[in-house]
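One chain, chain A, appears in both complexes that follow, with chain B as partner in the first and chain C in the second.
After this line comes the complex of A and B, so read on.
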């Protein structure tokens, strides 16, 4: 069923929904952007549909809701510990189609990677329902179509904002009673079918080519361009890395928290081990790792889709104006050449 | 050639005397160092028609056009009318009567500014809009004052070497939960600013005493944990100057003041100058004027009626460090070198 609602009517219904749900959406934080007099658009709890920034891409992804930047796992004193708790209320999150795919990638990482599902991820993830926001034409850094993440059916509600009104598809039957007396409409969300950007993905067909990809000089070009700041991985909806540490309270060193905090494979200490040994010492090597993780390693391990969902937030947020789409296209060109060389060497045509 | 020219009168009219008798250099104001590029055609017309074809990018961000002959000054002034109307009245809302006589005074010098946050990734304030508000407060006044606005404590605008130097600063807010302890802010503060940040227990702690408000931490933070408070704050340096006698860098007079406070202070400059100079405007560096009055008296006059915001800090006293050119005994002739 679908409905046509004025924003003020929707706010009345939202108020009712807020009795049982915590509702997150991209919100504008005025003048809180990286540069002076720029805004920050990121997820937070909304009180009104007017809080929702629907006509811009958020700077940060909705993963923060399910995979918080800082999360206490348990609190300890000298002789005992207590596991952290989360708000029991279910959660509604306003997201884009690519974000839903991105969160599916996080599901793979946290729930299906190895024998045990991550309980701290699961306890939040199980409570989440999606409200799909239509993208209209999308944005200039998007490449969801190239990544196959432009469509989804995995949502409870879908919304199109239209000035002082909105169109709402109610797919999840549990929401139907709430909208029973509203004016119905003929609405199904439309998905982006073409982006301004087209990205070609590398087809790495052999171990030999993979090793040659590792040695490509193109990575070195990022030694001077990339700051290793990790703004890309912080904005990414599918980056899942965190680091776990015990933090002893300064007032009493015998008690504290075990917590996890996001980490980034771009940071120079990401692979540092005891004795100072590290695997990826240069920004270019770290850029290579991130790139291949997003469009090769994840698929090699889990099959199916690539980890990158083409939301383009990494490109939007890079302070050095490194385009991930351009990086992928450069890489694909190099891989084509390597594949052709490999084929020529073995006499097999590609 | 036999000249009989009132040099002083022309100086007040913004025409500077040349070493070539009878020639002058026009200084056109450009508050905040910005005008529409179309005015380059106006500048070019003046330079080609009445000047020697050259344009000097003036040291205080004026368009300076040398080689204008005395007999052409009337024509130049008439031609300037449109520029003054547009740049002073329309853009800065300056309260003045624009006529064919050109600039009414040179008193308060062109308000300088860096490009500010309309462009610069480092800047914390919109320097141009502030410059225009300040221009309205000090122009056209015969009382001399030199002001410059820097968008951030980098001070590319050399606010440090002006009577009043304004520096855009930001009060920073830290979101503990958004911080991922990457230490970009710690490294950046150490290399660009006052190393007030450090990592403690996996998060950032700040020595708030000595933050200069540059907001480099927000600029480099990958997660948006550091953000600027939306309210703009300003540092006001006073008494900076160059010169042949005892140049000195300006000192902090006010810190963390709001725009309202800043403009109220600038608004008091004329009354202070009039008091110290007995209502007789003359060429004197603002710093010398403060010296004549003494800092205590200056502070009393310049803060008259000003309601300071709660964050504001005011200098108790000023410790000048001047370069005494008469005491350069450490500079010796080089001996024994062919």
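After this line comes the complex of A and C, so read on.
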């Protein structure tokens, strides 16, 4: 079923929804942007649909709703580690199609990798329902079509904003009663079917080619460009890495919180062990690691889709203007060459 | 809620042995089944957790040899007998004892790499009949960094042992890097055998190359990897190399796999 609602009417219904749901959407934070006089668009709790920034791409992804930037895992004392508490209320979050795919990648990592589900991720994830926001034309750094993440059916509600009104598809039957007396409409969300950017994915055909990919000089070009700041991974919807540490809140250090905080494989200390020894010491090596994880390792491990969903936020956030799409296209060009060389060496025509 | 895989449990410290100025062995009361080569996530007060390999396994106790490192002199080293240590585990795979059975075994360990093989060596010390022979090369930087001195004496009485210090020779210890002693192992005289190499990354790489040079095939070599690990359960991403998670598929790898892990 779909409905046509004025924004004011939607706000009345939103008020009702807020009795049982916590609702997150991209919101504007004025003058909090990266450069002076720019705004920041990121996720927070909304009170009105007018709070939602629907005509821009959010700078940060919705992953922070399920995988918070910092999260207390335990409160500890000398005698016990007590699990942190969580708000029981279900969550509704306004997202883009690529974000829904991105969160599915997080699901793979947190729920499937290893022997058991991550309890902290699961306890938030189980409560989340998606409201799909139509993208219109998309934005100039998006490459969802190349990644196959431009469409999805995995949502409870879908919305198109149209001035003072909106169109809403209600897919999840539990929301139907709320809209029973609203004016129906003929609406299904439309998906972007072409981006300005096209990304070709590297097709690494053999172990030998993979080794050569590791040795490509192209990675070294990032040694001077990449600042190892991790802004790209923080903005990324599918980046899942974290570091756990203890924060003491008593003088003697015997009680405190055990927390986890987002980590970045671009940071210098990501692989450093107690004692100081680390691996992947150059920005180029770390860029290679991130890139291959996004478009090779993840698929090699889990099958199916690549980890990157083509949201383009990493490109948007990079202070050095490193375009991930351009990196991938460059890499794919090199891989084509390596595949061709390998084929020529074995006498097989390509 | 789902069982909390991150929750550490308290264990009572039964004893603390100062191996060197920087390395202490903590013996904790724990009736947990652990295989040789596995590790635990130990809670280090004021820091968080770190992966520590099991250096000794008893019926109702475990030992962990921990090095005091980094800027923070943490409270772990001020704990006393009777205090509690929080930890969770065991994690990771272990040395393939079934594969070792009935064959000759060579163990090459450098520095703190002796910890993860100590329980394995103690096992064969008590059950030497499970294998044909055991050759053990252990190398330390200098006399101040020798670990498990008493065990080393025991091992020398039962195994073919070569102990070495990087730059000096003292009674019981020759001088030179472990790699310089590998050619003394009578590989050609073995019918079937395995080689275990554990130590700092550079040492493992050169020891493996030296073994290959001495005619050892890759399939016979086993290594144990040490990585930064924040979770040990395949979630945090720190230990990942290519599509492999060292905390899940490791820390013990056959060399045919280890050589494919490209950092």
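Rule of thumb we're sticking to: the second predicted complex is superposed on the first by the 347 of 350 C-alpha atoms of A that agree within 3 Å, B and C clash if a C-alpha of one lies under 4 Å from a C-alpha of the other, contacts with A are read in each partner's own complex, and residues count from 1 in each chain.
Throughout what follows, a residue touches a chain if its C-beta (ideal position, glycine included) is under 8 Å from a C-beta of that chain, and two chains touch if they have at least 3 such contacts.
None of the values given here were measured: they were computed from a predicted structure.
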Fit-or-clash call for chain B and chain C when the two complexes are aligned on chain A
fit
Going by the contact rule set out at the top, does A:219 touch chain B (first), chain C (second), both, or neither?
neither
More residues of chain A in touch with chain C or with chain B?
C
Quick check for you: in the superposed arrangement, does A:240 touch first (chain B), second (chain C), both or neither?
second
Based on the superposed arrangement, let me know which partner A:248 touches: chain B (first), chain C (second), both, or neither?
both
I'd like to know which partner A:155 touches here: chain B for first, chain C for second, both or neither.
neither
According to the stated criteria, A:59 is in contact with first (chain B), second (chain C), both, or neither; which is it?
first
Name the contact category of A:263: first (chain B only), second (chain C only), both, or neither.
both
Between chain B and chain C, whom does A:114 touch in the aligned arrangement: first, second, both, or neither?
second
Can A:272 be said to touch chain B (first), chain C (second), both, or neither?
second
Shortest span in Å between Cα atoms of chain B and of chain C, once chain A is used as the common reference
8
Residues of chain A that sit at the chain B interface in one complex and at the chain C interface in the other, please.
245, 248, 263
Note which residues of chain C are touching chain A in the complex, please.
1-8, 10, 43, 45-50, 67, 69-70, 75, 84, 86, 200-201, 226-228, 230-231, 233-238, 240-243, 245, 247-248, 260, 262-263
If you look only at chain B, which of its residues touch chain A in the complex?
117, 121, 123-126, 151, 168, 170, 176-182, 184, 200-202, 215, 218-224, 227-228, 230
Can you check the complex and tell me which residues of chain A touch chain B?
29-37, 40, 42, 59-60, 68-70, 227, 229-231, 233-234, 245, 247-250, 259, 261-264, 267, 317, 319
For a test of understanding, state which residues of chain A touch chain C in their complex under the given definition.
73-74, 76, 78-81, 83, 109-110, 113-123, 207, 210-211, 214, 240-246, 248, 253-254, 258, 260, 263, 265, 270-280, 285, 292-293, 296-298, 300-301
